[in-house]
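In what comes next, chain A is part of two complexes: it sits with chain B in the first one and with chain C in the second one.
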Partner chain A sequence: MDFLNAIALFCNFVLVPATAYGAQLALGALGITVIYSILRFANFAHGELMSWGAMLTLFLTWYLQSAGIHAGPLPTALLALPVGILGTIAMALATERIVYRFYRKQRASSITFAIVSVGVMFVMAGLIRFMIGPGEQVMTDGHRFLIRAVEFKHMTGLDEGFAIKTTQVITIAVAMVMTGFLFWFLYRTRSGKAMRAFSDNEDLALLSGINPDRIVAIAWILAAILATVSGTLYGLDKSYKPFVFMQLLLPIFAAAIVGGIGQPVGAILGGFVIAYSEVLLTYAYRKFLAYLVPGDWVPEGLLQLLSTDYKFAVSFIILVVVLLIRPTGIIRGKLL
Partner chain B sequence: MSGGYGTGPDIIHDCDLMVEAGEIAVVVGPNGAGKSTAMKGIFGMIQLRAGKVFFNNRDITALPPSDRVLEGMAFVPQNNNVFPSMSVEENLEMGAFIRTDDISSTITRVLELFPILQDKRKQMAGELSGGQRQQVAIGRALMTEPKLLMLDEPTAGVAPIVMQDLFQCIQDITASGVAVLMVEQNARQALAIADRGFVLVQGRNRFTDQGKTLLANPEVQRSFLGG
Partner chain C sequence: MMKKLIYSVIAIALSGSVASANNVKIGILMGFTGPIESLAPDIAAGGELAISEVSDSGMLLGGHSVEAIRGDGTCVDAAAATAAAERLITSDGVAAINGANCSGVTTAVLNNVAIPNGIVMISPSATTPALSTAEDNGLFFRTAPSDARQGQVMAGVLGNRGIKSVAVTYTNNDYGKGLADSFQSAYSAAGGEITASVSHEDGKADYSAEVATLASAGGEVLVVIGYLDQGGKGIIQASLDNGAFSVFMLPDGMIGESLTDAFGADINGSFGTRPGTDSPGATMLSELAGSSFNASGPFVAEAYDASALILLAMQSAGSANSADFKNHVEKVANAPGEKIYPGELAKALEIIAGGGDVDYVGASAVELIGPGESSGSYFEMEVKNGKFEQVANH
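What follows is the complex of A and B.
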């Protein structure tokens, strides 16, 4: 019984939240990787693009709620998501047209591009704060839980509750659908193959008559879709706060690089590696251990390796270690 | 043609190359003679400072490379001439990217020309040997059914025995009426199959004649074919 309690506790506070978080990071990292493999620069504005997408989705969610339209047990934001995606695509294509194209025609170096994207990030962050304000917003509605902790205790007779939030299930399901869509697009469609060709060998792609402007536009559209979905899922799972997305940039970049930048499979792997490390290292194991060992063995402390305040340090450390030991990432990607 | 890279000095000076349909023209010369640069000039990959490029009696000097592909020209660069993380089949598909019609018959023909690729259709091009990779590269260029095929050192990094096969394939390609213009390090073997030969030295035409005549020319032999 104590063993099962320990498992329930672990699932409730580590496994399920980390999996949902990992899915959000994976989608974010996929966006970074798509832009990197086509435009060959680290897009620092991707966090704000996620924020932009989530914000547009939130605005529309409020509108739908005020009009009395709901998605039943699911959060209303899911209904708003497609329009949010369209708005974010418009934003991404506008930045490409107004800002990045200029540098593309100059064949600017990837460092120049990265710095330009930092500028875009600040402009977008300012714009977002103008539009929605810096405060915290609740995005989710509908049924909060798929399994409630209390119900679980009744069902199983365990002391520990195990709850699954609706948003966690949605996060994982949507992330799987999105990943499936991305891989189908890249490996089965003409445009997707052309993107891979362009990423593989840009000069030869040009010699084959592949239009670079079109490829770049598709890359931005994919990045915008991924950004909106991951931003909205993160907002649903936790809450929407504009400043969070700048902080999220670090674990997302870490995920993309750890997995192997330019490699979609790597981005997904990296997302989960980072998420599980963050949660596992910042979880307090005292209660978990108390179920497994005799009472007087349990130490006084919390058995927490790192305070949750340091969770971003975890991704940073993993990033540094990977860059030192295996700079190409888990799946051999391009070097930054 | 005269031209060079960026704002740097001219690499080729009044260089003159030509090939007719169904012919093989070979450009040979020492390292740094501007052979590859001349090819890039013809394909519009460098800016010409003087001179013109004609294709099918049409002045195409101002066309960008992508439009020259549409006109019926195809170019196989010396290095990085395949998409390494894509399968052989996908490489061929990408070669035909500009085509909107059915490409399956062209794929079949390319695979007949290079039978070894038939078994490796699903394999990644980056995992193939040098010779097979060159076959993929040439196959990719043939997918647009070009009238002019330009090859920059197709036998670089290829085993000698495979080289003979490649030259045979190139002769087969011209048999269908395609013009082939190639730069080659293995001057002796290349000139032996060439209808026309050009010897470039320091970006200028030094000798221009039929392949076999050049091969027999004592001066060419002494200076460029190692005696």
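What follows is the complex of A and C.
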């Protein structure tokens, strides 16, 4: 019984939240990786692109809600998502046309591109604050829980509750669908193969008649789709707040680099590595241990390696360690 | 009431257009944007009600009108609040400031603006114990009590309810740290156990990690010392989501309608404390305010009293100069004298003009003690059927 309590406790506070968070990071890191492998720069504006997508989805959600359209037990935002994606694609293609194309024709270095993307990030962040304001917005509606903590206690007779939020399940399911779609696109379609060829060797790809403008446009479209989905999922699972997307950049970049930048599989792996490390290292294990060992073995302290204030430091430390020991990432990616 | 409203609107419109030498300006420096933006409009309205009441009476300093000028104290951005206060004093020429709201910015405005300019400042809501010992040249007062007092009251409430162990989380700033410290020392002294004390940063989207730590430590109740529109709300959301805690103790910064609007019956049984009193003053203020604003909200009565004290002290000193009237604030606030309640400011002005003494009781039963701060009386609040209700006084 105590063992089951420990498992329930661990699932409730570590496993489920970390898995959902990992899926959100993985989708974000995939977007970074797609842009990096085609355009060869670290796109700092990706966090704001996520925010932009989530914002458009939120606007449409409000419209649908006021029109009385709901998705039953699921959040209405899922209905609004496709249109949000279209709007974000328009935004991504517009920045490509107005800003990045100029530097692409100049064959600017990747550092120049990265700095330009910082500029795009600030402009986009300002635009978002103008449109929706800096406050917190609630995105989710429908049924909040699949299993409530109290119901779980009644059902199983355990002392520990175990809650699963609808949004956590949706996050993981949508992330799996999105990843499947991305891999199918990259490995099974003509355009996907052209993209991989372009990423492997730009000159050879150009020689074989691949149109670079088209490849770049597809990369931005993929990035916009991934950004909108990850931004919306993050907003659904937690809450939508324009300021947090800049804070999210660090773990997302850490995920992309730890996994191996330019490698889609690596981005997913990296997302989960970062998410589990953040949660596992800042979790206080006292109660967990109390179920497993005899009462007088339980120490006074909380058994917490790092205070939760240092959550972001975890991704930073992992990033530094990976760059020192294995700069190519877990799956051998391109050197930054 | 309607007539009064029309008069005050006309008075404000006129005073805006006609700049006269017989015009006293009072700065209303409240957190209109930021973590307490849902509370600030009512607080400011409370402060402005006393001002329009005095202005309408036409008895201040032999017929001066009074004008309220708003500034954004932001609650968290000390630089912005300092700039707003600087503008109020140098460009608008206010004679005194009613504000600021939050402890951090109040300290900054006091040190950087009020003291250098020699302007009296009365805060309706800054509650950090640190302000009790601030070097203020006698310019700073507050109609809200210090948190050292609220910490003791909170410990008392938990004791009365027979709660022996709690987990504490506090917002990582002057207010949160100050109140958490005073609460913890009072609660430990009373024999209570604090299982964990974890700080949280405002402005994050997710607080499940903080709640996981608190849940691991355990405790019958989670004491959330934070802001209801910010991290405090996030902590409660995360605790309810994963079933870590279902009963919360909520001090003043967490009590407001936006919290019960967000959680409703989910936080039934949660309880808290907020400054307030059931002296007749509070009801009189509510009647005076009518439907124009919520006079029973947090710190609204204190804001009314802060404005009233400034103006009565001016009358008592016979001058709108801070250096002259700063020594009269405690004199009008405390005994001896005729007790003055909200809506009786005209009477008070008349008594003072006639050489008499007043003991301003006001809406929050003000009694200034020690370094010019309210001795404080508190309501014990409890969430019943998704609404905050007053259940006791302390």
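Rule of thumb we're sticking to: the second predicted complex is superposed on the first by the 336 of 336 C-alpha atoms of A that agree within 3 Å, B and C clash if a C-alpha of one lies under 4 Å from a C-alpha of the other, contacts with A are read in each partner's own complex, and residues count from 1 in each chain.
Following the convention adopted for this analysis, a contact is a pair of C-beta atoms (placed from the backbone, for glycine too) under 8 Å apart; a residue touches a chain by one contact, two chains touch by 3 or more.
Computed from a prediction, not measured in an experiment: that's the story for all the values here.
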By the touch definition at the top of the document, which applies to A:Ala197: first (chain B), second (chain C), both, or neither?
first
Given the touch rule stated above, what does A:Lys165 touch, chain B (first), chain C (second), both, or neither?
second
Could you tell me if A:Lys287 is touching chain B, chain C, both of them or neither one (first, second, both, neither)?
second
Check whether chain B or chain C contacts more residues of chain A in the superposed model.
C
Quick check for you: in the superposed arrangement, does A:Ser109 touch first (chain B), second (chain C), both or neither?
neither
When the two structures are overlaid on chain A, which partner does A:Arg148 contact: first (chain B), second (chain C), both, or neither?
second
Chain A positions within both the chain B interface and the chain C interface are none
Over in the complex, which chain C residues touch chain A? Could you list them?
172, 196, 198-201, 203-206, 208-210, 212-213, 215-218, 229, 234, 237, 241-244
What residues of chain B sit close enough to touch chain A in their complex?
65-66, 69-70, 74-75, 77, 80-86, 90, 93-95, 97-98, 140, 144
Can you tell me which positions in chain A touch chain B when the two form their complex?
190, 193-194, 196-197, 200-201, 203-211
Complex contacts: residues of chain A adjacent to chain C
12-14, 17, 21, 136, 144-145, 148-150, 152-153, 161, 163, 165, 234-235, 238-241, 243-244, 247, 278-279, 282-288, 302-304, 307-309, 311
